[in-house]
Structure formats: structure tokens, C-alpha cells
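What follows are several structures.
Two complexes are shown next, each including chain A; its partner changes from chain B in the first to chain C in the second.
On to the complex of A and B.
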């Protein structure tokens, strides 16, 4: 059975494969599909792109489990995003929802993820032994990737803290705060420079300081594991967060201390 | 991707062959293994001997009895390893032992053996982190270069990736370890501990038909498993539960093993996939005792294939706790100039994977 959603997917081009979904860029103009022999990525004609987040069938898990999870995640993500939008948190707008097919259509954000901008990722992919000689001339001058956005690294960290605080004040817990799930929107786009939170598949509503603290703890660990020696960056994030949380900061801060302690004490019995 | 540059390994090729003895006893397996690193960079497993302390069905292993088992078997297992490798202790370069993490009394009993041999034969000691042992042996056997590692055993559940001379923990269990979860359920339904409760759960699960709903609890790259264990146990008091399985609309122990495995493994594969997506890696390596579960390997393989990647796993000789992995990790750090002085040759029950300086990698 060919649905509108599957036609749209077929016309789209894949831009990446995230943690649980394939992500496509598409255009919401069905009439243009027939004539488009050119690549759909040509945005030059002024059409606005959208992002399709396709939670494809995961063959590794039991089909019943897969169907339940996919439906719940698509609907949950849409719900959390709508709630964020209502509270003025920077998130992508919603363009379409199809829980049966596992597809969510979102506003396309022009920019780069914070993980890419901070340069974290797998390393030492190709380790060489000492025989393989290799010249060290690849050490070119490093450019600050944030220059293009007209801000400093620290400014970006403060924007992250501010946005998370806005989200938490709306009682939304993200559930997967990593630097991959934050995009810095390019200043040249219509809405200008923004820090946009994405990927609400694990988000839920909670008023508990404990849940918000765990959200921050996940973020701290994501920084520590992906971006070594990033303590100062995290400090900036938390400072801005604190400023924007107002009197809600104190209970969260207390729980955060507890959560950190629990993390370190977690039993590591072989 | 930024940061992905070719780096030169700090580990120099050995100027002569090196041989290490590894001793492991952090849980109910006592292992002794002998490894050799040759001048051409090759590695040879010369021997790998293990003896497991097996308790009666329904019973776990207690620290005191486990330590006693290790003391009783130490000489036999070590002599056997030396004989199979056809070397004497005089030819060995260093004695590697598990410093932690693990159960206190068993760890201490094996460390004592290591210290005694060190003094008798005047050989340097190398204290090894058990988890790093699993990772290094897995990399050695499978040839995986820089994989995301899923470390799943009786006491640990972690998603790990290497960066800047450290095995960093991206995700882990928030409560009990997966092996512990499976073992405890095996005890509830009185499965045998021989060869291991996990192995018997896997066999029972193959006969299960019905997927029962269980709480699915992933939180970012972390998982929580205690709720699942409680819910699975609760089904054994359900009025549809039939230990010997006859009739319509019933729940059998096999169904429960099947449901438990399907749910828990789906969670583990999901958090591994999250870590792979986050750091942009296409290789997965599964290590630790639960890593020999073929259903887990199969599920991980499908996930990796759907991402254009590959899974690496080892069989029970290297997955289940063993001495050779301690020898391998220990010899790598010994070749980087690391030794554990006698006065510091203690054990520690808590020893996190990310506390180790991985000097031998770029």
C-alpha cells in the first residue's frame, strides 16, 4: 500500500542516521515530484525543506515490541515538541505526524550540531604501528568553528544552559541531552542565530527536581565522555541554567549533587 | 569528522618476545592464562585454563566459599596453564593479576597467590582492571580497531568507547547488571548453575513462544533493569503460570526467559546504537560473560548491519572471565613501563573502567 508518507519518503534524500531514526530532507510540494528529474536537494528555487525523521522497523527486536516502541516514541516526541513550542523553547516546528509509519516531519534547521562544532567523536580510528611512517604535516592551523556563527564557544554554552532552563521550567525532561541533540541555527537563516534543542524521543513531563537533575547529569556525562577536558564548558552551561531557573535552581542543584554522588558510588562489582 | 586523524601507536614493537602470566578470580571463575607478544607484533595465546565454582540450583555464590574455591584450585590451574604453554615461571616477564573490580575475598585470595609467585620467582607484578582486560582481549581476538564496546557480565553493564587514552563510559545500568538480572531470574525458576545460569536461560528462551509485556527502561544511554526483573518474577505468581506448560492461554517459564531476553537485549542494543550514532562509530565489540549469548550477538549484528557496520564477539573461552585477558592487558601496560610495586599490590572492589590510563593506545 502506497501512502502519502511513503511517497514523501521516497522523494527525500537521507542526510544522516541518528541514534534511532533515519533522517531525510524533503520538500512538501507533491506536484513537483513528477517533474523533478533534478536532485530534490536543490533548494535554490525557494522551496522550504522539511526534515523527515523515520523510525524504521528495527529488525533486531521482536516485531510486537518494535511496533509499540515506535508508536510511543513518535507520538511522545510530537507531544513534547508541541509543549516546548507553547512555552517558547527553541525546538523545530512540527510539519506532520504519522505514528503508524513511524514518521515525524519537522522544520528543517540550518546549522551544525554542538558535537560537530566542539569536535568530539571517535578517535584513533586508524592506529598505526611504528613502521608505517607518516609525515606530521597535517597539523594545519585550527580555526574556531564558532567564528562562522559570530559567537564564542562560551556564548554557545550559555545558550545551551538558557534553553535547557526554559525547557525545565516548562516541566519537560529531555531524556537524552547530548551535544548531538543540539543544533546551532545559522545566523543567515530567517529566524537568525538560535540554539535549538532536538530529538525528544525519550522526553517526558515531570515537575520533579530529581528528574531535571538526572537530565543535567546525563548532559554532564555526555560532555565528559565526548569532549574530554570540557569542565569549563559544562560550568558555563550550568551557570546560564542557574540564572534562568530562578528559585527553581536550588532544589535541582541539591538533587544534582545527590545524583552525582550516586553515580560515583555505583557498584562496580566484577 | 574532526578529531579523526591517523595516530601513531605509542606501543613499540618488542625488541624480544615477552611472556606474561595472567591470574583472574574476581567472581566465581578462577583462571590462569599465558600470553606471548613477539618481535613481529604478533600475539599468541599459549594457554588459557579455567575452573568454575558451581553452586546448586537456586543458590548464588558467596564471597567466602568462592575465595576458598580459588585457594583450593590455584595450584592446579596455574600448573596446568604452565604445562600447556610449555614454559616455566622463570621464563615469564611479569605476573598480572586482577586488581578489581570484583568480590573482595576472591580478589584477595588470587592477589595473594600472585604476590607469592612474584616473590618466589622475582618477577614484577602488574595489577589489571578486569574490564580493561575484557576489552583488550576482545580487540586482540577479533581485530576490531576502535569499536564501541558493550561490556555485559554478572556485575557490569556498560557502553564504552575509547578516546584520549581512556575507555570512557557512555552509558551503564542505573541499578543491577544484566548478568545479575538473568542469574537471579534463573534462580527464581530453579534453573541449573551448570555451566552457568545465563547459558540455561538462553536454552530455555529458545523454546519460549509468547512475548509478555515488560517495562522497557532506557534513559538516554543508560538502562534500568531492576523493574524488569521484578515484573518477570511477578509473572511466576500469575494464575496463568504453568511451570510444566500444558493448556490454553498459559505462561511458561520458557516464555518468561524469552520475554526477559528479548526485552533486556533490545534495550542493550538500543543504548549501544545511541553511542555509535553519537560518536560516529560503525564497529561494536561485545565482551563479558553475557556476550556469549548468541541471541544478543545476533540482535547486535542486525543493528550494526542496518547502520552499515559490523559486530565483533568472542566465544566462551574469551568472553567468560579468564586469565588470558588479564595477561593481555597486563602485558600491554608492562611493555609501556608500568609495574605494580609489592606495597601497592592491593585489590579494590570498586575500580571504574575510566580510571585506567590506557598508555598503550594513541
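On to the complex of A and C.
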């Protein structure tokens, strides 16, 4: 039998495909209901889109185990998000949950990923496909993609550090802090300019400085692998992080040094 | 009054906001009595009050209301209702805990309700539905855009336990921004209720 949520997915537009989930843009509520006083109207037809994250079946897994795991992951992501919301961490709001179908519906964030803004290209995209068209336009002077957001690149890095610190102070470890999992929300949105952390599929609760340090190490590696001059960018992120962690910074910082050392040793061996 | 349905769901929804409502105690008494009457008279009374009655003071936005209705219909479509009907399920979805009696007492019609949302979810549209709504709830039918003016934020914060949340105490939040933050937590809480820790 076709379920309600699979009909919703069928009407949605796919925006990305990961190893665990397909992500779609969809409209949850009928238009008659759209004119809310608080939510901003979408430029197109006054409706607000949502994001659907659909964890598809893994056929190599036993069906019962697969369903159980999928339910647990959807629930886990939703719980991490609500905890972040209550702690004032900028994350997408939750719009629907259907664990039976493996679907989590989230607030659509209107903006661009930090990865794209730093010129990293879309995730999984070949980085040398860009064509240099040399026509008579005035585009020789490179445009700063952050201009549209009214901030500098360094401001954005500081916003990242601030948000991660808020999350870690709430004892939430993200588990996948890449620049694709950070979206700069456009200043024209109702909630205004924000650095929004997304993708809590691997998030968990921990009070351990070690776990928070590993989170930061993943972030350092992610910056290094996709962005040139990443040391300066990461330094700005960590500076803001430090300022917002208060006395929690020291233990995390010590652990981060250990984790970096372990990482270097591992790469020398491997 | 609004009548609509979601393309992906098998239900039709009729919904109206009544304000001001001066006879909430009578409405409540009628609902209670309908549940106790027997025979054809009881059936007729139960049909007359076959709605979800929601105290509009506790609704922070149309999205809040939409989210509760959507999750309730989804549960019904999956045969996963946690309460007796899709209407009581809407009240259960609105409430941040699992106690259905408390959900109805807090989010349903009470003797001092002055703004009332009446919702009917059915398998098909009902032609004279506005008439039927007006037969139980008197008062003006107001546009849903009035909801934000009717919200009792102090009670919302208490029921959804927002007062202890760091998000609400973030420095430099204007009262308007604080309402947006509160609304987001409330909406998300309703949306994820089925998997709440």
C-alpha cells in the first residue's frame, strides 16, 4: 500500500543524495493555509517549502534490523535538533516525523552552504569543471560571495565557531562538522542572517572534552581537504569557539592537541 | 472557515477560529454529556460535537496548528493513533507530555476559553459544516491571522517548559524575536512528539 509520506515524497524535488539518505524539497501544507503572520512568504507562490530527509531501505541489511535502525536514526536526529533549539543553537526547525517511512521533515533554510561560499563547489562535484569564459563583461574582478550576506569571510568563520561552542556547551557532539553541513541563512529570511548547523544524523550527547575535540578535528580536516588556506579560516573559527566556551575551552584544547598528534602519527604510519 | 486537504493525505479538514466565545462552559458541558448519552439521541449528540475543540490561547502560529493536525492525520492513516479519535489525537499532538487527560484539559475547551478553534477531520468534505460548527460554537468566525494576537505566551511558556531554555534567554533578543524562538521550539516539539525522548 502506498503510504501518505511516500505520496509526499513522490511530489517532492530531490536536492541531494547521500549514502544514508535522499534529501528533497517539498510543500507540506496546502496553500489555503499558507498566509501565516510569522512565517515569511516564499517568493514564488506564498508557500513555505520544507526539507524532507528520507532514509531509504538498505537492501543488504535484514529488513527488521533496517527498520529498527532507520527509526532510531530519525528519532536521534530529531532529538538532537530539539535539544539544540532549546539551547539556542541555530538549527532547522522540525516540521514532521514519520519513523515508519524513515522521513524527517525540516524547516527549509534559504541560503548557501559554507562549502559553496568558500568556493568549494557542490558536494561530490568535480572541482575542475568550471569553465573560464572570457567575454567582455566586467567580471574580471572577483566578487566576494559573502557580500550578498553583508558580512566578511572572517565574520562567517567566527559565526561558525560561535555556533559550535553553543552546541558543545549543550553537550551535543555533531559528528560530521563539514562545511557542507553549515548553511548561511540569507538576511532576507524572517529569522534574519544566521549561521545554521544542519545534518544531525551522527550527533550524540556527550560531556567529554575528548568527543568535542574530535568534533573540532573533523572540522579541521574537512576545511583542509576542501579549501585552500584553511589554517587561517580554522584559526578564526577556533578563536570564536574559544571565546564562547569559557572555562570549557582548556580541556577541549588539550584534547584537540592530542587528537591532532594521533592523527599525524596515524597518517605517517598509514 | 477554511476547508482543505493535503495532497498526500486521505482526509478533509474543516477549521474555524471563533472569537470572542462567551459560553465555553456550555460547550464543554455538552461535550461531556454527549459522551454519556445512550441510544440514537447519544449518537446524534456525539455527531454534533464531533470536532477537535482547541483553546486558541495556546496556539502560537498557524504553523503550530497545522503541524498538530498533520501529525494526527498521519498517525490515523498509519493506523497508529495513540488516542481514540483523530480529533483527540490533535490535542495529544499539541501537548508536550503523554497524558491524554491533561492534554484535553489544557489544550481543549475549558470553562474560561474565550477564543476557540474548531476542527473537523473527515474522509470527505461536509457540505453544511459551517452551519454545524455554528450550532455548537457561537461568536464571530475570525481569520486565522488573528491567532498571533490571541496567544497567551505566559501559559504557552509554562506548558512547553520554555522558561528554563537558554534559547529564550539569549542576550539581545527583542520581544518579537523571542516569540519567533518560542514558536519554533513549540512547532518542533509538536512535530517530533512521536519520537520525543
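Rule of thumb we're sticking to: the second predicted complex is superposed on the first by the 217 of 270 C-alpha atoms of A that agree within 3 Å, B and C clash if a C-alpha of one lies under 4 Å from a C-alpha of the other, contacts with A are read in each partner's own complex, and residues count from 1 in each chain.
In this section, contacts are C-beta pairs under 8 Å (C-beta built on N, C-alpha and C of every residue); 3 or more make two chains touch, one makes a residue touch a chain.
Since the structure is predicted, the reported quantities are computational estimates derived from the model, not experimental observations.
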On the A-aligned overlay, A:191 touches which partner chain: chain B = first, chain C = second, or both, or neither?
second
Regarding the shared-chain residue A:88, is it in contact with chain B (first), chain C (second), both, or neither?
second
In the overlay, answer first, second, both or neither for which of chain B and chain C A:228 touches.
first
Going by the contact rule set out at the top, does A:175 touch chain B (first), chain C (second), both, or neither?
first
Of the partners chain B and chain C, which touch A:19 in the superposed model: first, second, both, neither?
first
If you stack the two complexes on chain A, which partner ends up touching A:7: first (chain B), second (chain C), both, or neither?
second
Is A:99 touching the first partner chain B, the second partner chain C, both, or neither of them?
second
Touching A:65, do we find chain B (first), chain C (second), both, or neither?
first
Tell me which partner A:75 touches in the superposition: chain B (first), chain C (second), both or neither.
second
Tell me which touches more residues of chain A here: chain C or chain B.
B
So chain A touches chain B in one structure and chain C in the other; where do those two contact lists coincide?
none
Give the list of chain A residues in touch with chain C in this complex.
3-5, 7-8, 11, 28-30, 32-33, 35-39, 74-75, 78-79, 81-82, 85-88, 93-100, 105, 107, 170, 190-191
Across the complex, what residues on chain C touch chain A?
2-10, 61-63, 66-67, 70-71, 73-74, 77-78, 80, 144-145, 147-148, 162, 165-170, 179-181, 183-185, 187-189, 191-192, 194-197
Contacts from chain A onto chain B in the complex sit at residues 17-20, 56, 58-62, 64-65, 69, 115-116, 119-131, 134, 138, 175-178, 180, 202, 214, 218, 221-222, 224-226, 228, 266-270
For the complex, which residues does chain B have touching chain A?
1-9, 11-13, 26-27, 41, 98, 100-103, 107, 130-131, 145-146, 153-156, 161-164, 166, 168-170, 172, 174, 177, 211, 216, 218-222, 262-263, 266, 269-270, 273-274, 277-281, 298-303, 306-307, 321, 349-352, 361-362
